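See the structures that follow.
Okay, so chain A shows up in both of these, paired with chain B first and chain C after.
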Partner chain A sequence: MNLKKRAGALNKKLLIGAIIFFVILIVSFAYPPFSKRDPLEMEGMMFEPPSSLYPLGTDNFGRDVLTELIFGTKTSITIGFIAGSIATLIGTTIGVFAGYCGGNTDNILNTITNIFLVIPPILILIVISVSIQSRSILIMSLILGITSWPWTARAIRAQAQSLRNREHIKMAKLNGESLAEIIAFEVLPYLASYIVMAFILQVSTGILNEAAMSMLGLGPTDTVSLGTMLEWALLFESARIGAWWAFIPPGLAITMITFSLYLANSGMDEIVNPRLRGVV
Partner chain B sequence: MSYGKYVLRKGLWYLLTFFIATTLVFIIPRLIPGNPISAIVAQMGSGVPSESMQRVYESFIRDYGLDKPVVLQYIDYMKNLFHGELGISFSLYPKGVTEIIGEALPWTLALQIPAILVGWILGNLLGAYAAYKRGKFDKVLFPVSLLVSAMPYYVLAILMQYIFGVYLGWFPPSGGYSMSAFPSFTFDFMVDILSHYTLPFVSLVAVTIGSQAIGMREMSIYELNTDYVNYSRMLGLEDRKIVSYIFRNAMLPQITGLAISFGTMVGGSIITEIVFGYPGIGTWLFNAIRQNDYPLIQGIVLVITITVLFANFFLDIMYGFLDPRIKAGEMEEG
Partner chain C sequence: MEKIFECVDLCKTFQKGRKRIEAVKNASFSIGKGEIISLVGESGSGKSTLANLMLRFLKPTGGEAFLDGKKIEDYRKKEYWKKVQAIFQDPFSSFNDFFSVKKILERAIKISSYPSPDPEERIREAVEAVNIRYEEICDKKPFELSGGQKQRLMIARIYLIKPELLIADEPTSMIDAVLRAGILELLLKLRGTTIMLITHDLALAYYISDRMLIMQNGRIVEEGEPQKILEAPEHPYTKKLIEDVPKLSEEWL
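Our next item is the complex of A and B:
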């Protein structure tokens, strides 16, 4: 097999994914402080088509879609990052302890994980969100984060299990290192790439779930996100009216963000598992 | 472990999961200050907007036993759940939640089950083929399915609604059947139903194909490196034969995969229904949330949870039946 060529191809996936994501990230975070427009201000008429004044038209409230799009992307990515961090933290903790400790710890943690894997997260999300009247960006992220850890716990547990009988861990045990030391210095470094991959997926899950919850009417209140843009586009039947500029920009933005993250994740997966690229 | 024992163990596990899920639905709203239930009780004390609303809330408090201690409320809740009593809807008072769900559920199931099956089978065939062929087919298929599965189901649904329902006008953009049509077992009505069915069905199938194809491709690539495949190749078996072996072996994890992805699919189908205004439980949930119809929200959440648990239980039993290792008692399953 042509090893060099394969290696080049895999870097491309990670590279393209990372480039798309960072371009979106930089634009959405760098623009708002300089913006002269307020995304929530109702400037024009309902559903004005794109013009020089409104490059992407206006939404059902007569708000500038382009301004909303940039501010909304910032909100969505922020929510994705916070929710993703929380979910990765919980998932990794549970996964590492279950996988590394084994025995009863594993039995209990694994049963809990499996139970929460089976119960659809969106239902727990609905039950929590219905009970909270006003949802800030932070509260939204928190709700999304504490409901989406089971996938990560499962993946990390499997990896931690495979580490258990490695020589360097046996050595560390013989040296009398404590459980915390072993996990911090002997287990986590070997899981780092998997944790990063899980985090990338969790960020996109957070962004996707924010939009899903918004479309159900349970999104963040008092702010514009990609989800709330879709929510209003849906409520005011923009598709049936033919106002494509109200739903295509936020839809495309979510798709590009998740696509870039999937691509980066898949590229990393190929680096970590040579089998996937057919080298071994 | 015999197959019977396996089924029993799975059954008990799902019973436990059922209790935990339904208990969470009971507890979570009561733990959060300012939740809809306490808001209603508080409103009762400080005067309610109208007399009819007062009647609605009074029956709610009575049905849910909100004047009793929490433990008794919980016992009542469980008792009612087992009797299929889900309370009275606020927005459609005095219609029962069970009755509303009973009318909506057939629409959802008739949309969901065929869509998942068709998407799953097509996705797995494509994935296995891509893994085996690699080369051009794989190079094209993989990014395409990655893009399709990165496109959230709701975005795909809105795009399809706009392109095929509005712009091209090939199919009705929303609803379960035409306003003017009278539900009956006539040919015209069946055609009407099918034309409304097409867009939500195809958009659900497309999303399922994307995610399943990616999983199957990875499983199959893994299988391609195993000893039995190399050996079969050395023996000079034909490609088709080898692919069928790979397919069968890579299939088992895909069944578990299907079980696990049910949770995500549920979210997807709820919102697909909302986009197309399809008269299933997703659209009802949407209306219930907009109208603060708490009994209906809770009822729908419970019914979806129970349906998903049953589907998973069924898949686990199928899995045990298909995997010879479980029958032989070699496999430990958690």
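Our next item is the complex of A and C:
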């Protein structure tokens, strides 16, 4: 009965969020291989309004905005995913060890986390980006990933701390299990839902950070992303000219992706945390 | 009587910022082989900290403890836990909910000092010994079991490992009064294993133990046979504890 109630709560937010996200995901990943158009090819005139040839018009270089939008979404989601994975991996590892081991391990890891927390990531991002000659998708993701893990570490650490004194962990110790076994079998399974939720938020943080970096001119150099589309639209003053098709589609795409991810995350939060549903 | 466990001036102080909390102060006592000894005190008196010291979950800040005459720090932890095991109070968090009962007991058998050709048969014996049908629960996960079943499973785990010393930390305080008698009987069936029972329940301690230790504010204030402690308590705290028990008779069950 309880499970049914949970499943009932599952559908709305999580379902809507997941559907929006997967539609965007499928379109942006399934279309490019079949596309006859190259997103970087300059076909038309500068800022041509939407027409049958260019459904979303052209940008400042005369490139088809729709093609750019789909390819850019793919780039942005890819960067978000890789950056999110890296951040979640680092954050979870540090958080679990700090929270579970406690004592000096916790002090050291927590100090490192705090140092990373107080340095604005955008500064590190700018410094790293400027010092690297060419920025591929992978390097962008790496930069974004290694600067955004601290809050995941914080959240996971708090959860791991609350598990530390649970009796099944004492029991596992009494079974003579090693630290690795205890973390793998007694700690991580209980944190799985938090890790997935943190991962979802990290993906959307990655996408937003990519856009922010690109608008500063520090985005990926050899490809088109939602951020670089906005960057060019900004540089060529599309808003003043009235070429809304140059900046609204990528802006909307970023908004929809992050909105759907946040929605899915808050849906999951309600499943894991019944108090938010108003059940308890 | 031959001593199995002894501690001398065992201390544990926690340092939290500027606050010093002396959880255990100069605890000295010994436990004889085969004895059932109970440690009685109110919540916060340091009982569980003492248990954690004895189980080596915590390091003492002073004093020494010996198992079979050898310092407990000199044992490798795995070796130590072969000999010293525990039962905890909260049946709801004491098992990993992601494993089946069978798997949980298989993991416990690894520490046991009695290797066996047929582990499943031994698990079955242990489970049946605590009056649960093995087929009924072997594939269930802990969250599908009742509190009483879990507590009995915890005892089955002890049957499986056969430690020399068992530390039972409030084994009955979180289950129904009706189920208590059954759990206690199962514990008593372990006779041969030395048991240290930690409880706040004076009546229970009186009923079950050979000797009692009374603990207050981290200090062991009185020690003796239950009869003597109840009839002629020396320490004012013990007197107060006895007065606080509503009705004390062997009919409490």
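Just so we're on the same page, the second predicted complex is superposed on the first by the 270 of 280 C-alpha atoms of A that agree within 3 Å, B and C clash if a C-alpha of one lies under 4 Å from a C-alpha of the other, contacts with A are read in each partner's own complex, and residues count from 1 in each chain.
Everything that follows uses one rule, which is that contacts are C-beta pairs under 8 Å (C-beta built on N, C-alpha and C of every residue); 3 or more make two chains touch, one makes a residue touch a chain.
Since the model is a prediction, treat every value here as computed from it, not as a measurement.
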Per-residue contact with chain A, leading partner among chain C and chain B: B
Partner chain(s) touched by A:A172 [first = chain B, second = chain C, both, neither]: second
Chain B versus chain C as contact partner of A:K12, first or second or both or neither: neither
Touched partner set for A:I122, first chain B, second chain C, both or neither: first
Touching partner for A:R164 - first (chain B), second (chain C), both, neither: neither
Which superposed partner A:Q133 touches (first chain B, second chain C, both, neither): first
Partner chain in contact with A:T258 - chain B first, chain C second, else both or neither: first
Doubly contacted residues of chain A, that is, touched by chain B and again by chain C: none
Chain B residues within the chain A interface of the complex: 13-14, 16-17, 20-21, 24-25, 28-29, 32, 34-36, 134, 146-147, 149-152, 154-155, 158-159, 161-162, 165-167, 173-174, 218, 221-222, 225, 259-260, 262-264, 266-267, 270-271, 274-275, 285-286, 289-290, 294, 297-298, 301, 304-305, 308-309, 312, 334
Residues of chain C defined as touching chain A within the complex: 55, 57, 77-78, 81-82, 85-86, 88-90, 93-99, 107-108, 110-111, 157
Residues of chain A touching chain C in the complex: 166-168, 170-177, 185-186, 189
Residues of chain A defined as touching chain B within the complex: 107, 110-111, 114-115, 117-124, 126-128, 130-133, 204, 208-209, 211-212, 215-218, 230, 233-234, 239-240, 242, 244, 247-248, 251-252, 254-255, 258-259, 261-263, 266, 275-276, 278, 280
